Structure formats: C-alpha cells, structure tokens
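See the structures that follow.
What follows is chain A paired twice: with chain B in the first complex and chain C in the second.
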Partner chain A sequence: MERKTFPGTLDSLADIRQVAKEEAQRVGLSKKAAYNLMLAIDEIATNIIVHGYEEAGRSGSVDVVTEVADGQLILTLEDDATPFDPLQRDLPGEETFTQPLEERPIGGMGIYLTINGIDEFRYEFVNNRNRNIFISRIGEK
Partner chain B sequence: MNVTSSTVDTITLIEATGSIDSKTAPDFERTALTAIQGQSEVIIDLTNVDFLSSAGLRVLLMIYRQVKAKNGKVVLVGTSEEIQDIMANTGFLAFFSLAETLDEGLTILKTA
Partner chain C sequence: MSFQILAEAKKVAKITLIGEVDSLSAREFQKEIERLAVEQPDELVLFVENLTFISSAGLRVLIFAKQKMGTHLAVYMVKPQESVVETLEKTGLHHSINIVDQYL
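Showing the complex of A and B:
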C-alpha cells in the first residue's frame, strides 16, 4: 500500500490525476478505463476541496492511497473534511440526460460520471476521515 | 491549460490546450463567453485538450446556451475519443457538431 499526500487545494488536482494515470498504466488498464478512473478521481477530489474544505472555511489534505489486490486496482481518497457520502445525494436520472441542454439542471454530473466510469465506488468514514474508494478490475476492457 | 480566441471570417474560434478541470475551467469560461458574445458561428478546438471534467462540460453547456439563443451553431474540433464517450453518456454529444480538423469545422459552419 502506498500513500501520497497533497494539499487540499485545486492546484493539487493535476498531481492527484497524475497518480491515478500512472497507477492505471502500471497495472495495464485500457486507455478508456484509465481515463474514466482519472475523471472519477478528479470529480471526487474537486468536491472534497471545494465543498469539504474551501466553502466550509477549512483546510486539510487529500491523501491518495494505492493498493493492488485480488486483480483490482484500489485507489482511495482520504480527507479530513466533515463526513460526506457522495452516494447519499440525489443522482441525476436517465431523464436528465435526455433533456435539451437549454433546460437541464447542472448539478450532480460529477458524481454520475464517477459512478458510471469505474467498476465500483464505495464510501466509508473511518478514523474521522472520509474515504472515497475507487475500484477498477485489472485485465478487463 | 491555455485558451485563446480569434476570428476567422465571421466565425469565432476558441482554442484550448491542456487539462480543463475545476482549477482551469474559470479561465476557459471567461475567455470563451467573452469571445462568443453576440456570435452565432462558433468553433471550439479541443485537439490539444487531454482532459475535460464536469467543470469543462458545464462551460460547454454555457457556450451552447448562449450561441443557441442566437440560433447559432457550435462545432467541436478534435475531441478525443475518451471525451466524446463522456459527452455521449451525459447526452451532450447530440447538441454539438463534431469535426476532426479545423478545416472540416470551418466547412460545416460555412455550408450551414
């Protein structure tokens, strides 16, 4: 298991994505799976930084923990913000994405892209930290 | 991320380079929305954009709405396969014309 720690600011997004990209390449995820993992990590890291830290007037770090087990690449984002489970918010449904762009609501897209882009997404609150867990199966398209 | 705007004949061309995320999307938004004011023929060149998050999709949505209000058209040039997939999954793709090259994009607008 490897842990990398980044300041909880938007400046860190590129570096956090880079970790996801390198790990995805190292375990041989397809180009598409690697991109979708980077996107998922970026979306959740953005929520942590913007809503968990900046808007709450708090500061803290975002850790990226990497683990390979049982044929899976498991990336975990850990932070010290107020407990927040992304899965508890209302997700946009199918009907949202068939609406004309002029009319559709704009929120919730990031978490939708996260959940739909990777094999499994989980949330835990452990030891006073949020843990957002991204699981990609290795050796699949 | 870097973003520039220019005009080719009557067409507004916006070119972005790099990654469009929550850090860089405000720059993209500011430059693009200023450049397309009152314009109805717009090209967004994404050939050198390697990453586009929902923050970037949000800006594309704002561009679309502003141009659509003028009964105009937005052409995306050089959109990567991965970004096209994301746009397809979120129902964005149908609202934009896609072109592989800038020349092709200009042709689409000139013959529209």
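Showing the complex of A and C:
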C-alpha cells in the first residue's frame, strides 16, 4: 500500500490525476479504463477541494492511497473535510442527458461520470476521514 | 457565364483548447467564454484536436456558453479525441454540440 499526500487545492488535481494514470498503466488497464479512472478521481477530488475545503473555508490535504489486491487496482482518496457521501445525492436520470443544454440543470454530472467510468465506487467515513474508493478490475476491458 | 455569390454575415467565436481542462483550467475557459459572449456570436468553434482531458467542470463551461451566448448559438467541436467524444456521449452533450472533422 502506498500513500501520497497533496495539498487540498485545485492545482493538485493534475498531480492526483497523474498518480491514477501511472497506477493504471502499471497494472495494465486499457487506455479507456485508465482515462475513465483518471476522470473519476478528478471529479471526486474536485468535489473534496471545492466543496469540502474551499467553500467551507477549511484547508486540508487529499491523500491518494494505492493498493493492488485480488486482481483489482484500488485507489482511495482520503480527506479531512466534513463527512460527505457523494452517493447520497440524487443522481441525474437518463432524461437529464437528453434535455437541451440551455434547459439542463447544472450539477450531478461529475458523480455520474465517476460511477459510470469504473467498476466499483464506494464511500466510507473511517477514523474521522472521508474515504472515496475507486475499484478497477485488472485484466478486463 | 455562370454567376456565383457568397455572402457571410455570421459572427464566429473560435477557441483552441490544448492539454487538460479540469476545475482549475475551466475557470480560464469560462472567462474566455464570458469575454467572447459580449460579441454575441452565432457560432462557437472549439478546436480540440490536442485536448487530452476534459472533466465535468469543462462540460459545464460548454453548457454555460450555450446559456450565456443564447440558444441560437451553434457549437462546433473540431476533431475531439475518442475519450473526449465518449464523455460527451455519456452526458448527452453530443446532441447539442456538432462534432466535426474540420470547420470551414
């Protein structure tokens, strides 16, 4: 298990994505799966930084924990913001995405892309930290 | 003797995006859209051949552009990479954006 810590600011996003990209390549995920994992990580890290830290007037870090187990690449984002489960919000339904852009509600797209891009997404609050867990099966797709 | 006449009065805003659009760079992208919106363009053309990544923050700027520049606005994306097209398709934005190989 490896842990990398980044400041909870938007300019960390590129580095956080880079970790996801490197790990995905290391375990041999397809280009598509690697991109989708990078996108998922970016979306959740953005939420943590913007809503968990910036808008709440707090500062903190975002840890990226990497683990390979049971044929899975498991990346976990950990932060110290207020407990927030991204799965608790209402996901936009199919109808949202067929609406014309000008009538469309903004929001919900990020979590939608997260869940649809990887094999499994989980959230837990452990030891006073948010843990967003991204699971990609190795050797598929 | 044949006669031809070509006239064009439409206003076209052009933006080239290179690299990665995440929540940080999307703020720059949005500022550029706001600046161009003043001109009330009829078309927004995005040259994205070298755009390697776009998150939902970038997609929201596209929605913002449509809302800010008016519903008549035609948005073109020129030569997007496969992963970018997939994201547009997943979120249904491909219904509102013209994906083209070239813009003439």
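One rule holds in what follows: the second predicted complex is superposed on the first by the 141 of 141 C-alpha atoms of A that agree within 3 Å, B and C clash if a C-alpha of one lies under 4 Å from a C-alpha of the other, contacts with A are read in each partner's own complex, and residues count from 1 in each chain.
Heads up, the rule we're going with is that a contact is a pair of C-beta atoms (placed from the backbone, for glycine too) under 8 Å apart; a residue touches a chain by one contact, two chains touch by 3 or more.
Remember, it's a predicted structure, so these values are computed and weren't measured experimentally.
Trainee: Put the two structures on top of each other at chain A: do chain B and chain C fit, or clash?
Mentor: Pair status: clash.
Trainee: Contacts for A:G57 in the overlay, against chain B (first) and chain C (second): which applies, first, second, both or neither?
Mentor: In the superposed model, A:G57 contacts neither chain B nor chain C.
Trainee: Based on the superposed arrangement, let me know which partner A:T46 touches: chain B (first), chain C (second), both, or neither?
Mentor: Both: A:T46 reaches chain B and chain C.
Trainee: Kindly classify A:M38 by the partners it touches after superposition: chain B alone (first), chain C alone (second), both, or neither?
Mentor: Both partners, chain B and chain C.
Trainee: In the superposed arrangement, does A:N116 touch chain B (first), chain C (second), both or neither?
Mentor: So A:N116 meets both chain B and chain C here.
Trainee: Let me check the overlay on chain A: which residues of chain A are in contact with chain B and also with chain C?
Mentor: 10-11, 13-14, 17, 31-32, 35, 38-39, 42-43, 46, 49-50, 96-102, 104, 106, 109-110, 112-113, 116
Trainee: Which of the residues in chain C come into contact with chain A in the complex?
Mentor: Of all residues in chain C, those touching chain A are 20, 22-24, 53, 55-57, 59-60, 62-64, 66-67, 71, 83, 86-87, 90-93, 95-96.
Trainee: List the residues on chain A that touch chain B in their complex, please.
Mentor: 10-11, 13-14, 17, 31-32, 35-36, 38-39, 42-43, 46, 49-50, 96-102, 104, 106, 109-110, 112-113, 116-117
Trainee: Give every residue of chain B touching chain A within the complex, in rising order.
Mentor: My answer: residues 19, 21-23, 51, 53-55, 57-58, 61, 64-65, 68, 81-82, 85-86, 89-92, 95.
Trainee: Quick one: which bits of chain A touch chain C in the complex? Just the residue numbers, please.
Mentor: Per the stated touch rule, the residues are 10-11, 13-14, 17, 31-32, 35, 38-39, 42-43, 46, 49-50, 96-102, 104, 106, 109-110, 112-113, 116.
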